[in-house]
Amino acid sequence: MSARDAILGRLKGIAPDAAQAAALLVAPERPAVDEAALEAEFLARLALPSVSASHDAIDSMADLPAAIRRYLDAQGEDRTLCLPPDPRLAYCDWSGFTLHDVAAPAEVAALAIARRGIAETGSLVFETGPAAPMLPNFLALHHIVLLATRDIAPYLEDAPLPGAQPRAHYWITGVSGTTDIEGTYVQGAHGPRFLHVILLRA
Amino acid sequence: MTQQVALFVTCLVDLMRPRIGFAAIRALEAAGCDVIVPQGQTCCGQPALNSGDHAHAAALAKQTIEALEPYAAIVVPSGSCAGTIRCHYPEIFEGDADWLPRAQAVAAKTYEVMAYLDEVLGWKPESISIDATATYHDSCSGLRELGIKAQPRRLLKAIDGLRLAPLAGEETCCGFGGTFCVKYPAISNAIVGEKADAIDATGADLLLAGDLGCLMNMAGKLHRDGSTVRAFHAIELIAGMGDGPAIGEEP
Amino acid sequence: MSGFDTRAAAALADPLLKTAVERTAGTAEAKRTLAVSAFPDFDAARTRAAAIKDHVIAHLGHYLEQFEANAIAAGAQVHWAATADEACRIVIDLCKASGAKTVARSKSMLGEEIGLPHALAEAGIGRIETDLAEHIIQLADERPSHIIWPAMHKTREQVSALFKAKHRTPHEEDSIAAMAESARRELRDRMLGADVGISGANFLIADSGAVCTVTNEGNAELSLVPPRVHIVTAGIEKIVPSMPHAVHMLRMLARSATGAALTQYTTFYTGPKRPSDPDGPEEMHIVLVDNGRTKMREEGLADMLRCIRCGACMNHCVVFRQIGGHAYGGTYPGPMGAVLTPALDGLAPNRDLVHACTLNGKCQEVCPVRIPLPTLLRGWREKSWREGLEPTSMRMGLGLWAWVARRPALYRLVTRLALRAMRLMGRRGWIETLPLAGGWTRHRAMPRPAASSFMAQYRKERRP
């Protein structure tokens, strides 16, 4: 007998009622979010010490390069950027930047476009796809994220997008951190030490 | 109208500190109860239960149920013994058609003494005074099995001149654990050592709690460490017997 | 002395261990308290979390098949292992088939449980532990002492010395930030060069076939995206019906473990990379591991299968806080370990674990899935008694005492004599040494009992 048959043989039972599983999700306890002020709620969470993200806001995609330039200059970093192959970014004027699309092991800054923002936790939701590699978002020292304010949703339950699931659906809620030495929190463990969110208010 | 209650003394109070039993009687009588001490009682069986000795735990539970079931209410000056009767007797007789209903009936009318005075009778000590600062340790079984937290504090607040100093880690186990403290003495000692330090740090004159096992553990450690903190069961103060000898003192 | 006693004695004698455990567990306890008080009705949320897991455990076979079908549909390969050895063999065979020389591992307690680090070493496959704490443990050649903070037993000074001895370009400044930076330098190129990435799973999502991992460091993603092969080893109890169920469990997990609202990185992997994806592994393998779980479900330990490995029970355990995790001797320490280890490794060699607990109930109070840990430990004690594993002295002593206690008249007589004898041992209210009670009087004094028992005094004073 295969291990599969042996295990499943011991777990035989009646199939669950789908309604029973759904009933477990009625009115879940969760932090209160003011749905009339999602942007403010999201930004408040973003500023928590556990998330430690900075933010900026722009009114149109055309302003994106200038916002990134502002950030990198303020950080004292070169205007070098790992850019995903997303067609929406092709219309921006990237003059003055050194761009590449494959992240280096010691990547300084990478841009990504979040699919959603979650007000409950200040989380940024990403999905892998042809125009959205995953690795740069974990390698870069500075992770710069573009998020349209209309994509901010109240709760983590709102994170999944409809349709077929991508290889990876992931939530980033702050910078890479660790408490592995004496429980003391330090930032920049293996991944980004800085997280900068640029809100697109168009 | 007089409420008749049976006192389950507990083996530890019976043997080690009878005045806790007399304090319980005095407070219950002050609250208008007619207190009866059923003679067939010895130990509730908790040591056997916690050691995995189901047969002896069940035998002692049966004896205790038989001794206590004739009475309208059973009052116990110990959170852990009251918890054994209330929470664990029905577990012991799970699936036993004869004994389960009897265990459940006794469980339903068994109370820790301070919870009974405060919650059931709505009583408060009157014209009792003592000039002292006390700190209170929440014994685990009473706290977590019976929800005893506010009741003793409400009763103690009604004592004139008694000041309560909060104990850091008041809900942290003192390391007694019944047979645990003699099976794993070094671990128990490390735990009670920290507890004794926390008690000393309150600057209180008195240590109060609701379980004699925990009190003997903490008082024994405080004494060995040379502390001057004196330990009483809270019911002793509530009954106006706080002027007598503390645990380990002789008149 | 038993193995446990020896290990516990060594732990108690180590002042650095106490400092280290207190620093991390103390911080975790304080942060959890804040997080729980800020959450609306955490107790109701615990009840819901327990109900979700109970539902899954009751219908485990169904959900596993649903998960398997969806994972396969997404392009993953699903393997089943009845035992730890079988699970290791599957992983090693997969590594060998892909010609792997090194694997990057993201912390997984299941991996520890099945002995994967050892199996990889035996197969000659290099292992890069990417979680900072697991990296410390690997450098020190030790075992984890906590399920969330495997290196909890080490002080910053010890970690600093270790990194200075073992890292290629160690930190100079003695700060924790500088040590973390040293590990980042040491690990990054090595983890990017691994041939296989191995992770556990915090949750398996039945209706999508997704595997969820959570980390605060981002090491899971850095270990699992670059290699050509991603292998997941997961206990079969890790299933939840759907993503919203996982969301509820994630809220509970982070708050209970570290006091955070959520981990920094929460990733759901569904199958291997799609053909048009710029990165990700070509192959994804999921090894579903039983290793005693179906047996636990059948033999009265189904409640334990709710465990989501948050570590709150050990952070709040007075015994764990004194002796740390290594004293427990198994993969899982603290209260949950005391329940699990006898199920995984047998009761006889782990009899001490189920007794070295004061049954104070704090663990149950903080458990996010309401596991009645004291009740389960009592269950083990009963089994130990039934199977004759308890020492003869204990059996005889308890038996004799119970025999007397069941005869109230005899009991009064015997206790009267015992009290008299005890009183002879003490003076001025205290007994400093007491025969047969050395465990007590070695560390604390025993109050001298009154001259006569309550029952004797009561009978003298009034008639019932």
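Structure notes:
The chains carry the letters A, B and C, assigned in the order they are written, with residues numbered from 1 in each.
Quick note on the criterion: a contact is a pair of C-beta atoms (placed from the backbone, for glycine too) under 8 Å apart; a residue touches a chain by one contact, two chains touch by 3 or more.
Composition by chain, UniProt nomenclature: A = LUD domain-containing protein; B = (Fe-S)-binding protein; C = Lactate utilization protein.
All of these numbers come straight from a predicted model, not from anything done at the bench.
For chain pairs B-C and A-C, the one joined by more C-beta pairs in contact is A-C. With centres taken as mean C-alpha coordinates, the chain found closest to the middle of all protein C-alpha atoms is C. Between subunit A (LUD domain-containing protein) and subunit B ((Fe-S)-binding protein), the centres computed from C-alpha atoms are 54 Å apart. Subunit B ((Fe-S)-binding protein) and subunit C (Lactate utilization protein) have Cα centroids lying 33 Å from one another.
Separation between the centroids of subunit A (LUD domain-containing protein) and subunit C (Lactate utilization protein), computed from CA atoms only, is 30 Å.
Note for the complex: subunit A (LUD domain-containing protein) touches subunit C (Lactate utilization protein) at residues 2-4, 6-8, 10-16, 20-21, 24-25, 28-32, 45, 50, 85, 101, 105-106, 120-121, 123, 128-130, 132-135, 138-139, 155-157, 159-160, 165-184, 186-192. Those residues of subunit B ((Fe-S)-binding protein) that touch subunit C (Lactate utilization protein) in the complex are listed here as 9, 11, 13-19, 21-22, 36-43, 45, 47-54, 56, 59-60, 63, 91, 140-141, 143-145, 171-173, 175-178, 180-193, 216-217, 219-221, 223-224, 245, 247-250. In the complex of the two chains, the subunit C (Lactate utilization protein) residues touching subunit A (LUD domain-containing protein) come out as 20, 23-28, 38-42, 44-45, 48, 51-52, 55, 58-65, 74, 80-82, 86, 130-133, 136, 149-152, 154-156, 159, 176-177, 179-181, 183-184, 187-189, 191-192, 208, 210, 216-219, 221-222, 225-226, 236, 241-245, 247-248, 250-251, 258, 260-274, 276-280, 288, 290, 294, 297-298. Within the complex formed with subunit B ((Fe-S)-binding protein), the subunit C (Lactate utilization protein) residues making contact are 5, 8-9, 12, 318-319, 322-323, 355-362, 364-365, 375, 378, 380-386, 390, 394-395, 398-399, 401-402, 405-406, 408, 411, 415, 418-419, 428-430, 437-440, 442-450, 452-455, 457-458, 464.
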